[in-house]
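The following blocks contain the structures, represented as structure tokens.
Both complexes shown next keep chain A, but they swap its partner, so chain B is in the first and chain C is in the second.
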Partner chain A sequence: MGKFFAVVLVVIALASAYPIVKHHFPLPEDISTHGHLIDKQLHETMVEAGIAFVGAQLVLALFLWSFTGRKPGAPLKSFPGGAKGLVIFAFVIVGLEVLALGVLGQKAWASVYFTPAKADALQVQAQAEQFAFYFRYAGPDGKFGQIHPEKIDEGNQNYFGLDPENDVAARDDIVSGELVIPVNKEVHLMLHGKDVGHSFYVRELRIQQDFVPGLDLSVHFTATKTGKYEIVCTQLCGLGHYNMKAYLNVMSQADFDAWLKQQSQ
Partner chain B sequence: MSESSAQQAHVHAPSTGFWRKYVFSLDHKVIGKQYYALALAAVFTGMILSWLMRIHLVWPEAKIPGLELLSKAGAPGGVMTPEYYLSLLTMHGTLMVFFVLTNAPFAAFGNYFLPIQIGAEDMAFPRFNMMSFWITFLAWVVLMLAFVIPDGPPIAGWTEYTPLSAIGKDAGPGMQWGASLWGLSIAIFCAASLLGSLNFIATTLDLRAKGMTLMRMPLCTWAWFITSCIALLAFAVLLPACILLILDRHAGTSFFIPAGIVASDRVQPHSGGSPLLWQHLFWFFGHPEVYIAILPSMGIVSHILINSMRKPLLSARVVIYSMMSIGFLSYMVWGHHMFLSGMNPMSALAFSFPTLTITIPATVLTLIWLGSLYGANIQVNSASLFALGFISMFVSGGVSGFFLAQPSIDIYLHATYFVVGHFHMVMGVASLFGVFAGTYFWFPKMTGRFMNEGLGKLHFWITFIGAYCIFMPFHYLGLIGNVRRYQSFVNDFMAPYIPLHKFITIAALITGGAPFISLINVVQSRFRGKWAPEHPWNATSLEWSIPSPPPWNNFGDRHPVVYHDPYQYGIKAAKGDFVMQDSPEQVPAVGD
Partner chain C sequence: MQWKRVVLGPTLVLAASSVAFAGPNPAGGTISGKVTYEGTPAKMKPIDMSKEPSCAKMYTTPPVAETVVAGSGNSLEDVVVYISAGAPDDAAPSTAAVFTQKGCRYIPHVLAFQVNQELKIVNEDQTSHNIHPLPKLNREWNKSQPPGTPAISEKYDKAEFIPVKCNVHPWMHGNFAVMKNSHYGVTADGGAFSLANLPPGKYTVSAWHESYGDQSQEVTISGNETKTVNFVFKAKPY
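The block that comes next holds the complex of A and B.
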């Protein structure tokens, strides 16, 4: 049965690796300026983890093949080099890998989180609530109106709790159920959580960030390709969680300007 | 210190009468079996819940017979509602993590075998021991009550993130009383686990037999000891966190709820709290919990592998130090669950580095197991199959951790099925393999009878191949961005992948049948199994130096004296290729 186990392990190792090697489960197209860094990091990790996975399973299979079903009293042997060699191997090889991935590999993270958004980035506020996203643009005055939680009134489409009567900045704010942005222009997205935790995830943008009520968070990104992409919630937020989505609509600058103009009318 | 137990009178009298013998027993062996029985009840419930979820995921309109009986509101006409899916998901996670993965490898086997393996008559505090089981049982009853209250179980997942879990009924169904029961149950569970781990620590340090130095303790005893140290610190943080959650829910406090949140069109009457505080407290427990689940299995698997290989590991010391390093590092990594939570992005790097570093002791362990197999004379039976399967699963689940430890990759893979595949393999399946291996190995000790080998092997093959069929595709689905915790896939891009989900569901339905085979095997073997000889496995540790099943006071009036390291295999001795730890026979020592 040991030999059978060895064969099963070889089959499992190869069958598990096959769809990855053959790219049967490709990442969606990357439409961001930073995404290639994440993809590269993921690819390199896949190669290293893949070698470790297949290698370990094959070694286990080889030893099972060789050292089961032996004649009773067959001489026992010890691994050449003993524990010391293996411990040194683990420290050096895995240690180097940890250093490489842990230190050098933070470029992608840094590009998203350690560089501030450009001063001329398009400012958009996103609000997440059970179970929808809304997006707010500052309008011609470039200023967002204040949020007044007690004034939130879904029935009258006052999703952000604006007070245009008393708040001049709120009067020209544009609210949309779709995140419309221009291509090749940086967007500074400020995240506001209305009720419980949610998350903003666009696979193609390689962006995911939680909404935390009471905490002002933001992300910035630049989309490089026009088109419509799904925004989904990835933080369990209640019964409609699975159905909480919106669309990211990336347009040319001219189309975006026209859209903005139309919305402000 | 080590002689103290030998000089004392028996720690408690033999149990007489039904209640003292089988229910409120002080005997660590009975308590161990009670934990095991509770874990069994929880694992079958949890597994059936996963069946229901998997069926609903791929056939959302399916009428599931009997489901309406469980909840009329949750499954009108037998068709599961989206919120009931989340209720089942929450209960599945909570039952599995707390009542199975903590109870079975640690509390159940630890209780039964730790005192025997160190040559003690019982735990240091038998009454505390009894209390910790019955308090755990109470925690389970409180949790299960959530199924019968009209509101139903909570829908916030086993992590119960605030404010969803803190603001009460405005958050959705199940969040009124269901979530309160959850908080109460876990708080009670924590109290019990604190008592239990203190008991384990005191027993290990104080009740070792003469000659049983720390380095002569079997590896599973080491694993239970390290685990109890981790558990003591971890549950001590989750307990107050749950109390604060209950206060937020019922006493109007705002530990986890900020000002100005509007749920169900109502401005919530709270201010000043922080949802991230809950996440920090929860994961400060939550990550060490992963090791509470896996470390005992590492110990059990090492113990059984050595016996099956008929030679010691390349280095037992390295295994002990690796388990210690894992335990230590487990407290420095909780933030890797929170890379995208909004905490300072700089801290992501501080949490990422120790997380990646855990790979080193984990790799050392794997290499020691693999290297030790070289040149061995591996005996294949149900116990060793599961122990060997553990290594395979541990590697498979471990390598995917390498992705998730990196914040930049986590931006893409966080909250996808990749994460679900990762933790199910490494802390779920691998840990359970340790439990299964332990069950087949120690059953002759616990009952005096063997389990059926044929059924045991069938159990192994279905589980091993099935687990790969279920959880490997989870990783692939994560790569395409399949988000977890969705009751159905309404995303446009998911359509081509529904057949793969169907394949997983079918694999889960088949694999979930395997534990039933094992259950039949346990029950049948208990009464009809082949009688086991005195030394069924020719093993060396102290549990095999006493009759099977062991008498109430383990060693009778004998005070065992230990002369050898735990794993003296592959030698020439009077009884064969091994020498018992308490045998005065002089043999050249092997291993380190």
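The block that comes next holds the complex of A and C.
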């Protein structure tokens, strides 16, 4: 019976690895300049975890195969150093793996988080709230108006709490429910959470970043292909979480300029 | 057209109440007039519904916010004109006041009804809504209404103005005006109102606007006369 389980285990392990190795589930299209780094990292993680997975299953199958039908009372070989040695060995192996992932992945991580956006990047502020995203552009004056939380008035389309009565910079700010950006231009997205934790995720951009209320976080990216992509919230944020989405609309620079102009009228 | 919203709703109510309460003089006096604004009202921003395509596709041009609706000839819409003092409280009519969610907006934007009158909330959209009125005096509730579900029936037992929001669609915003008596109207384009069926007496007529606040005037009615009272709100550009 044990030998049969060993064979079943090997079959299941190899059958689950097969579609991954053959890339049966390809990643979605990548439309960002840094995306290939993320994809490379995902690939390396997959290879590393895959080898560990198949290896562990094979060892398990080997144990099942070899220790089946052992005579009762026969002596057992133990791991050198006993349980303590085994735990230290496991710590070293898992530690090395995690460390390797970190070292290999630092380039991808640093390209998004440790390098600031270029000075000429398009500045956009994103605000997440239950259950929608809103995006704000500085408008013709290039200046963002101050945010006053007590002025937030959704019924009056004042999602950011602007005070156009007293704040001249706020008067021409453009607020949109869609993130419209020009292609091949860096975008510096500043994330601001209004209520609970949310997340900004565009799989084609290979960007996923949480909104944390009280923290001003930012990401920067350059989209390389025009089109419409979905922005979804990937942090369970309440009753309407399933419905919390927006669209990313990547346009040519000319179309983007026209859109901005139309919005500021 | 302008009479539709102002008069038809309340007249149904008045017709019902006059039979029951108005006694020998069902006609009574009338207070009528117009609500206008002076100055420049803020330009209403278009509503971006792109996150809810089933609603966005119902409009060829995006609808605008309704916190200030300016009508023709400087008239101000969505103003609740009512008798705030001088008239006795009326029992609720048997007809229900209907609040409809259509195209991810509230229709009407301001719904006036009486204390203990049935309030029916209908979802005509292909998406779920979550009706969340924010009363200060009444009990607060918050109900989900998926598409195709029956109307929600509710009641309020204290008079107040209640902002209403949808927890799923942040732009959705409306108001309930819970009235003590049956003498009220909500202005439409033209800003006209007419509070009929008032026995002789001294009344305080109030006009409430969600952005511009409220105003009151004293009016004395004798016999079957019609008195004209106008309200002028100061519009702010921002």
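As a convention for this text, the second predicted complex is superposed on the first by the 232 of 265 C-alpha atoms of A that agree within 3 Å, B and C clash if a C-alpha of one lies under 4 Å from a C-alpha of the other, contacts with A are read in each partner's own complex, and residues count from 1 in each chain.
The rule we apply is simple: a residue touches a chain if its C-beta (ideal position, glycine included) is under 8 Å from a C-beta of that chain, and two chains touch if they have at least 3 such contacts.
Please read these numbers as outputs of a predicted model, since none were measured by experiment.
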{"item": "Combined model on chain A: chain C and chain B, fit or clash", "value": "fit"}
{"item": "Winner by number of chain A residues touched, once chain B and chain C are compared", "value": "B"}
{"item": "Partner chain(s) touched by A:Tyr159 [first = chain B, second = chain C, both, neither]", "value": "second"}
{"item": "First (chain B), second (chain C), both or neither touched by A:Pro28", "value": "first"}
{"item": "Chain B versus chain C as contact partner of A:Gly197, first or second or both or neither", "value": "first"}
{"item": "Touching partner for A:Glu186 - first (chain B), second (chain C), both, neither", "value": "neither"}
{"item": "First, second, both or neither for A:Gly177, with chain B first and chain C second", "value": "second"}
{"item": "Contacts of A:Gln130 with chain B and chain C, given as first, second, both or neither", "value": "both"}
{"item": "Contacts of A:Asn243 with chain B and chain C, given as first, second, both or neither", "value": "both"}
{"item": "After fitting on chain A: smallest Cα gap, chain B-chain C, Å", "value": "7"}
{"item": "Chain B/chain C common contact set on chain A", "value": "129-130, 154, 239-240, 243, 245"}
{"item": "Residues of chain A touching chain C in the complex", "value": "129-133, 153-157, 159, 164-165, 171, 175-178, 239-240, 243-247"}
{"item": "Residues of chain A touching chain B in the complex", "value": "1-2, 5, 8-9, 12, 16, 19-20, 24-28, 37-38, 41-42, 45-46, 48-50, 52-53, 56-57, 59-60, 63-64, 67-70, 72, 74, 76-79, 82-83, 86-87, 89-91, 94-95, 97-98, 101-103, 105-109, 112-114, 129-130, 147, 149-150, 152, 154, 161, 193-197, 199, 201, 203, 206-210, 212-215, 217, 230, 232, 234-243, 245"}
{"item": "Chain C residues touching chain A - in the complex, by the definition given at the top", "value": "44-52, 65-67, 127-128, 130, 144, 163, 165, 167-171, 173, 211, 236, 238"}
{"item": "Partner chain A, residues of chain B touching it in the complex", "value": "81-83, 86, 155-157, 161-164, 167, 171-173, 257-263, 265, 267, 273-276, 309-311, 314-315, 318, 340-342, 345-346, 348-349, 352-353, 356-357, 359-360, 363-364, 366-368, 370-380, 385, 388, 391-392, 395-396, 399-400, 402-403, 405-409, 411-416, 457, 464-465, 468, 472, 476-477, 479-481, 483-493, 570, 592"}
